[in-house]
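A single structure is presented below for examination.
In order of appearance the chains are A, B and C, and numbering begins at 1 in each one.
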Amino acid sequence: MNAAATLAAPPTGAHIRAVRGELSGDLLEVSMGPHHPSTHGVFRMIVTLDGETIVRLKPVFGYLHRNHEKLAENTSYLGSMPYTDRLDYLNAMTNNWAYARAVEQLAGIAVPERAEYVRVILAELTRLLNHTCLAGFLMQDCGCSGTPLMYAFREREKILDLFESLSGSRMMCNYQRFGGCRVDPTADWLAGAKKLVGGYGAFLDEFEALLTGNEILLARTQGVGRLGAALAINAGVTGPMLRAAGVNHDLRKVDGYGVYPRFQFRVPLGAHGDVYDRYMIRILEMRESLAILRQSLAGLPAGPVMNPQAKLRGFRPKPGEAYGRIEGPKGEIGFHLVSDGGPNPWRYHVRAPSFINLTLLEDLCLGHTVADAVIILGSIDIVLGEVDR
Amino acid sequence: METLAQLRDRLLARFPAAEVTVVTNPSPSAQHALRVDAHHAREIAGFLRDDPALQLDQCTNVTGIDWPEKEVVDAVRTTVPDPAGGTPRVVEEKIKRLEPGRLEVVYHLYSIALRHGPVVLRLVTGNRTDAVTLPSLTPVWRSCEFQEREVFDLFGVAFEGHPDLRRILMWDGFQDHPMRRDYREPDDYEWEPTPHGDVLAKAKRHYPAPAPSAP
Amino acid sequence: MLGTGILQGLLVTAKNFAGSFHDPARYTTLEYPEAKPVLPEAYRNFPFLVCDNPDDPMGTLRCVACQICEKECPPQCIYIEKSRDKKPDASGKPQIYPAVFAIDTSVCMGCQICVEVCPFDAIKMDQVYEIATADRYGALVLDRAQLAKPNTYFHAIHPTEAAEVDARLAADRQAAEEKARAAALAKAAAPAVPGNVKSAVAPVAKAAQAPEAAP
């Protein structure tokens, strides 16, 4: 076990059998995954069990390692954009934005105002669909057998239809460019987006009526997988998982990138850092996203959606480095780019939030049961495309 | 937050034996870095995390970079005195030298408490062959745990002091370090060593040896 | 009372269940393949080559084999071989054409970068998705005959984009014609060089012919 684990107090409670001596036996090592319906992708956990209690957990991944960073060294900067769609494949728009932001910082490219608003609109729609996805999948992991998942996906389809009519593809959007956006949303599209935002609140109310007071959910998720603030910060945890631990750190407020400082929105914080808090934070963040969407759709300025000086082909940023990051739905997604003056980056590195949030998986699961491990993993919200790249 | 030059001076005052240099970043991002020698890196990291003016409590990104050896041409100008006693000539010679390759690890540090950053730390190995050890900063920031494992796996930098240094993305028996610039892909993708090979070898021992072919 | 949360949830489920019989917002299943989805205009799947005349697709391909799409394609799924001769294109000018233009649709990820970089509006995104085949290797590589589709088809699947492209190409053609006419007139009006009376007459005759030759 890691020496740094002593930063957090070890879990206690009824989960640990105090009378280990009574029924002593061998420890059982179980491999959960990589083919597993609840591991959110090809992910493997080697779990050592003492009866039902987890005493050791080692995550193993790399099953979806596709060499994305090396591909980018042999592809032009523009050519890597469609590959960033496939990192966190549920949130293509925010991956695109983070990469575009890193390149814009590297080369000093300005972005027109309308493009910044459109990026905010699409990022918040992506946040809505990611948190909807997570709420559905977490409930699925808890054993709801798909009903909340299907309701969530029914609403998610509406957002995916919006993405399809704007960028041509539901998930692999390839929409952001260095210096703006590829396509200008039409008035019809904006009307559709406004209608979606108008109706989403009712869906969230219904979803909360279905789940938030549910006694089974409360019993299963409250007190499970508690994460303290100090350990969360030290372990580089970002996103809703960090805010559920009580740390007020949202890059939309801290970095104030894009036009986010113009919008009024709150940052929900959790008090306990358990699975229930991580779930509720996401529901509350969805409501704040709706507020941002209403403001940005109302205030969208006219103008070009792409910087006219930005080059599509023959783009060779001068030698240098940049690390650009945004608050993606899963956490801080950043791109570290090193340019040597050529058309391809010398080094291209993705700071994947799911990968780093997994650092604490063992710490959170120790002392809990296998069933709890599944929902703790679900509440961390990982996508293997990002973990493995 | 103080400038990088001020931070360097404070670090040198606190750790006089350390080598801390400012590395300027020519891009418009202006994210300049501090190159720190390997011997004092962990102490400096602890200082950066705990210093009340900095409180760099979050190490958000660890990147490995491979710099292969490069032929560099230096223009050297020497003044040659004129034997006849006239004005000395300036002779320019172009000397080629081989700049040795090295592996670099870049850490991006931010402060959540004080909301500033990034402070970029750079650690460089001696070369790309045998001197590839660097101190692990995992005891200071737990977030380096998986990321340093990834740099070890893909670049081959050995982090001394890492609690669990083993491959993370590639499988355990994998040889070589894929993100290096001189990595050669295997020619044959069809065959990979799998456990089935051992099973097959064991099974074959139970079967009678094949009959010798007809003369 | 214990259980009110669960009961409330069951009410929501009951509302959705009852609603699915009469409310299209509650029952969102599309009975494919009997009912096909209505795809938005922007939907893209694999690329196709635009030809201006469906009766002579290979002769009226807009593609001039500049190979820009081949270079920019991220997964490198396009293979182009330039022709050795030149054929007149839609405006009568002799142009190189692609002797071989193949797209490996098992590699193509439909990212649409080829469409963005093409300077001649020669390659556009298609929308067919019922293209499953049992031959994994040969049938997934589409050659130029399979890729060529007429401009009328482009209008049918992407009406707004096709109208914009046609307007732009027509405007470009008109601007080129006017430029040629103005250049010819300027040349004819220039003072005649002695001994070169023949050349002063010839350009005017050519300029008179050109507008008739253009479609």
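Please note the rule applied: contacts are C-beta pairs under 8 Å (C-beta built on N, C-alpha and C of every residue); 3 or more make two chains touch, one makes a residue touch a chain.
Given the structure is predicted, the values throughout are model-derived calculations rather than measurements.
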item	value
Chain closest to the assembly centre - both centres taken as Cα means	A
Chain at maximum distance from subunit B, centres defined as averaged CA atoms	C
Gap in Å, rounded to a whole number, between the CA centres of subunit C and subunit B	46
Whole-Å separation of chain centres (CA-atom averages), subunit A against subunit C	35
Centroid spacing, where centroids are CA-atom means, of subunit A and subunit B in whole angstrom	28
Parts of subunit C lying in touch with subunit A, wherever the complex brings them together	2-6, 8-9, 11-13, 16, 28, 39-44, 68, 72-74, 109-113, 116-117, 125
Touching residues on subunit A, where the partner in the complex is subunit B	2-4, 7, 61-62, 65, 67, 69-70, 105-108, 231, 233-238, 247, 249, 254, 317-325, 332, 334, 336, 338-339, 346-347, 349, 351, 355-356, 358-360, 388-389
Touch list for subunit B against partner subunit A, complex	25-29, 31, 33, 57-61, 63-66, 106, 108, 112, 115, 118, 120, 138-139, 141-147, 154, 163-164, 167-171, 178-179
Residues on subunit A engaged by subunit C in the complex (per definition of touch)	75-76, 78-83, 85, 147, 151, 154, 157, 161, 164-169, 172, 174, 182-183, 206, 209-218, 312-313
